[in-house]
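There are two complexes below, and they share chain A, which is joined by chain B in the first and by chain C in the second.
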Partner chain A sequence: MRRDIAARAPANSASRIRGAIAGILGNAVLGIFSLTCVFPIVWMFYSSLKTQTQFALSTLSLPVRPILDNYVAAIQSHMGLYLLNTLRNTAISVALIVLLSFVTGYFLSRFRFRGRNLLYAYFLIGMLIPIHALLVPMFIQLKTAGLLDSWYTLLLPYVGFGLPIGIVLAESYVGGIPRELEEAAAIDGSGFSRTLFTIIMPLAAPVLAAIAIIQSFAVWNEFPFALILITSDQWITAPVGLSTVFRSEHFTDYPGLMAGIMTTMVPVLIVYFLFSNRIMKGMTAGAVKG
Partner chain B sequence: MATVELKNIGKVYEGGVRAVDNANITVNDREFVVFVGPSGCGKTTTLRMVAGLEDITEGELYIDGNLVNDVPPKDRDIAMVFQNYALYPHMTVYDNMAFGLKIRKYPKAEIQSRVKEAAGVLEIEELLDRKPKALSGGQRQRVALGRAIVRKPKVFLFDEPLSNLDAKLRVQMRAEISALHTRLQSTMIYVTHDQVEAMTMADKIVVMKSGVIQQIGTPLELYNNPANRFVAGFIGSPPMNFITVKLREEAGKLIADEGDSQIELLPRQAAAVKNLAGKDVVLGIRPEDLIYDDKGGRGIRTRVEVIEPLGASTHVYVSTKKHQLISVVPPTIQFKVGDEAVFHPILDRARFFDVETEQTIPV
Partner chain C sequence: MKAVKCSLISAGAALLLLGLSAPLSFAGGAKESSSSGTTTITYMNITARSNVGSSAYATGLYGAIDDYMAKHPNIKIVSESLDQTSYQTKIQALAAANDLPDIFDLKGSWVSIFANNGWAVDLAPWVNADAKWKNGFTPGSFAPVIRGDKIYGVPSQGFITSIVFWNSALWQSIGYSDFPKTWPELLDAVQKFRANNVVPFVMGNLPNWPAESCWLSTLGDRLTGTAWTQSIIAKSGAKFTDPDFVAALKTFQDLATAGAFNKDINSLDVDPARQVYYDGKAAAFVDGSWSISAIASQAPADVKNATRVAILPSVPGGKGDPNTASGGPAWFNAMGASVKDPARQNAVVDVIRAITDGRQTAITASLGGVVAYTDITFDSSKLPPLMVAFNGLMKNVKPVPIYDAYMDAAVIQTMNVGLQSLLIGAVTPEALAEQIQAAEDKVSAN
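Our next item is the complex of A and B:
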């Protein structure tokens, strides 16, 4: 017995060393991967503090004397207007997506009617269609309807494309809310709308917050529709603005562009750090019922 | 206060599934009526039809003399306590209790006084600022009761309200609900699958099976005079023993032949079932009416299978070649598994059931 243990000891230490090496290698790979994710943002930040000459001399070097001129220029350019446009589009679209997802998801979850499964499948399919496949039809449709190039133009595709995932998440979440709450409210004297918005909606707040956050990111960063459907300078959004403000035919103001990108990232970063827990929950919302 | 009357009430779901069939029940003013039966017997569906949460397919429902088939729940002046409490999780206990009154636009002072009064009755005053998630099961049940009480409705409906509580708390809440009924003097309808709850709380019990009412009566009526084998077996704990016997005449007497044991029927019983001589009937004997004979006379010969000492009494599970029986004996009698034991039925309290229809044969 004792001999067995003695024989096993070197084998154990060898496997411990192998495990330690595997751990170090694994962590090194993950560390390098994290750096590749974080570095572009860090690089973008310190490059935005350089002059164009400094940037042209060395794209990777740190700024010799950091300057904020690029930020002042970015804010003083049309970027401020573009940011406002993006902010308005995001606020209205997300509000509509949350409201319509909740109401539609509630009805799909609670009521069994003819065509209910077909309707649900229709929304599911909506999640599978890539935006780019619909750019041209959408352009023609809006052009024919005379809805192009206006403050509300982008709201239509944003809400339309945001609804499927919102509805699927809301439907699943509402399914886990006990029906007895609605019945108790009905007996208490609450009408349908009051029950929907004062009992069920507050209980669905986690999934509605998740929908709001996910869609805020999507709408804030949206590029293809904003590029195709908007031509007037007054309605251009920040992502499209970034590609035009700091570029001319033969020249790109990279430090200025970096400053512009950093400016548009700030609201998104604030939202992310404030609600990162909810975002994680939102990613898995609806995965498990109840 | 109010009466509730169900006339020929039926419920048929889509696909033709009949959940309740021709229910006729009268709940008198201030009466505590319990619907009892196994899962799927239609008791909850019946209660939900009274509440207005299920459409009534057939028949008429009257509350306080008014036909309410098409009246929505909020206008029926009822309150309901649900099995899972159904408290609004995002509201405090106070808001939960006040919700119905706020909707009905009661003055703030009136709402406050009613909630405080109900909280005092249920001893939950210190919980009024808490959310439901910060309450124990028993406290949640009290809040659910409080939400019903503050409205001062005509009829209280309870849908298995104690099912989610542990055994000790269930006994305590059972007594409290009974006390509440005495205090409020309201009409109450209570659904449960637990016959002990039904027996201990009800003024009147409605026993249901497969959507059909089996019998309506006071607890002791059902216990002593069950209408059929189902009611006899469902009401009473431990359940009634059923012994299939062949009746035969012997020297002018009627003998119930169990196979191993023969039981001579009483003259009045013999007169009542004489026409069934030569046929099988089911003899129903309550466990407390199956008396152990330590002298081993000519009773039912059995073998002891399981012994359950409860302190105040002992449940003894015994078997003959054909039947498994239960007897409740004093704790002073000691058995060992495998013992041979003879039991005498108290024939005067025995019931007879038709083998095919399972209806009680009057004796």
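Our next item is the complex of A and C:
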């Protein structure tokens, strides 16, 4: 961007200076924006190294003598277990959502059959129902079915609530992939399933990545269902764990809470750095811009 | 096309099978084994075990639970703790689904809902049968949970919700060596602090209960007298539109208009408000007795040493006794309606007894917690100095009802939200009084 400005600037020195100032100003504004995004994380990190008293004394100052006690406490308080539960829920639900959305989206996009529009509308309606209205019915349903409070309990609502947006995205994206590719594949002797999974699926990768990213966020942070449907300590997820371990009736242990959040952020950060390129592409694919 | 359908159906079926079979192989470990004759009692509460050591009540509570389980190897108490907001969501969902735990924390203002829907078991037969247990609580402790001759809970801990924590060094600097005894003096101090750019009272009213629970419950009593509050609770004539209550709202609003509070009152949370006081930027704050241990463990030494406790001053023309502060138990241990077997009910009550009587409160009190069951002797040598000062203060102070421990949840909700508007001048005292009365009328009509 700076190069553009410089290139367009006429050769006289006054406007070159003006261009340089504009460049500096532009960068300064962007820099401040970046800082507002990065600072909370930096603040959270160094605050997690403080004692409660130090934090109470000044919320913004750097730790005088950094301590790791909060991390020790976070790990001892089953935070690792909660994190594992969240990881498992996210991995399984997102895989199922991506697979099912792709297949369903493909069918809704490629085939015209009686009831197709009804089916599509049915999936659309799924996006309109507020989750809180379904907490109690969902609880009763899962209780009657004997599916409460287990490792798989949360997968059902997560997949169910993740499908509508996934299907809508996949349906519209598949609509843009030329049919001729499938015809060519058929002529070359490729069967339907093979065409679907080895030719169309890789072409739809950007939208599938977008679905995976959106749903990973949703499942990772999900709170109400995890709160209501899970009772045993062994299946509690990280968001619920964070809100209970570090908060009592009248106090919040902020440094402890921050150590807990930092711990649960690590896997997300690792995944982000590994796939940052793909995530950037995925975020800008499909209908939903992140 | 047929082949397509077949392969899809088989893929779907395989997925379903996978989904169904995996849980079966995993679920085995999670289920309770009942073959050993162990009775499992579930207990849902707002007190996390991770607070043992830092919170007096948590230490007393889990001390009593562990002790009980050690003495009764055939009883297993499984507790689940959540923070207040999450707890409220979950317990109401569980109640609606008729799947409450054996023991759960019941808030005073929820009693009517739980009693009317038959969600909680009447504990009167057990409480009345054990006079020593019943009489060990401070008088009036059971009042919020009594409906007719039924008792729906046993007090878990005592509170005084309205204590003034004031920084004597700062008050000294404007010429007050003691906390004001009358309202005009208080307003005068507010002026002086404002002139010095010090926030007179910092309040974190984001969760909207502090203004009502910590301020209005006591300030209201100063003006209306306790008889009015009792009449509201008993629904025997008093109205929120009565001039005395409107005057209380007006006094509260005038205090805010005079600049007594921080500007971000409705966007500041309770813990950060305490930080403002710790930083010496606020001269005082009004909060519950739970703040005593927070100050003792978190405040910097100079603020901690300068902190004194007091009660709100008297208001001219008020009908109430000026030597009162809102207090009493706000949370109770209740038994879920799904416990029907008499033997199991006995076992559950026995656990409730263990976590509410001297076994819990002796530990809680020795660590500086305020208890409801007071028939105990405990070691007071380790109490923080502020706690000793508080105990001294309370010798001459009578507890009066905390609004949200007694009044109906819907009324309290209207009051709490309305107070947020009142304190920023967005609603007049008269209009708010009418809104609260309308909520009360709606509750009474049902």
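The rule is short, and it goes like this: the second predicted complex is superposed on the first by the 219 of 290 C-alpha atoms of A that agree within 3 Å, B and C clash if a C-alpha of one lies under 4 Å from a C-alpha of the other, contacts with A are read in each partner's own complex, and residues count from 1 in each chain.
Basically, a residue touches a chain if its C-beta (ideal position, glycine included) is under 8 Å from a C-beta of that chain, and two chains touch if they have at least 3 such contacts.
Every value quoted in this text rests on a predicted model; they were computed, and no experiment measured them.
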item: Fit or clash - chain C, chain B, common chain A; value: fit
item: Touched partner set for A:I228, first chain B, second chain C, both or neither; value: second
item: Touched partner set for A:M265, first chain B, second chain C, both or neither; value: neither
item: Touching partner for A:T252 - first (chain B), second (chain C), both, neither; value: second
item: First, second, both or neither for A:A209, with chain B first and chain C second; value: neither
item: First, second, both or neither for A:V103, with chain B first and chain C second; value: second
item: Per-residue touch tally on chain A - higher for chain B or for chain C; value: C
item: Which of chain B and chain C A:Y152 touches, first, second, both or neither; value: second
item: Chain B versus chain C as contact partner of A:K143, first or second or both or neither; value: second
item: Shortest CA-CA distance in Å separating chain B from chain C in the superposed model; value: 10
item: Those residues of chain A which chain B touches in one complex and chain C touches in the other; value: 191
item: Chain A residues within the chain B interface of the complex; value: 178, 180-181, 183-191, 194, 199, 202-203
item: List of chain B residues in touch with chain A within their complex; value: 51-53, 72-74, 78-80, 82-84, 86-90, 99-100, 103-104, 147, 151
item: Footprint of chain A on chain C - complex, ascending; value: 3-4, 7-8, 11, 15, 19, 22-23, 26-27, 30, 42, 46-48, 50-51, 54-55, 57-58, 80-84, 86, 89-90, 93-94, 96-97, 99, 270-272, 274-275, 278-279, 288, 290-291, 294, 297-300
item: Chain C-facing residues of chain A, complex; value: 52-53, 56-59, 73, 77, 96, 103, 135-136, 139-140, 143, 147, 149-152, 155, 191-193, 224, 227-228, 231-235, 240, 243-254
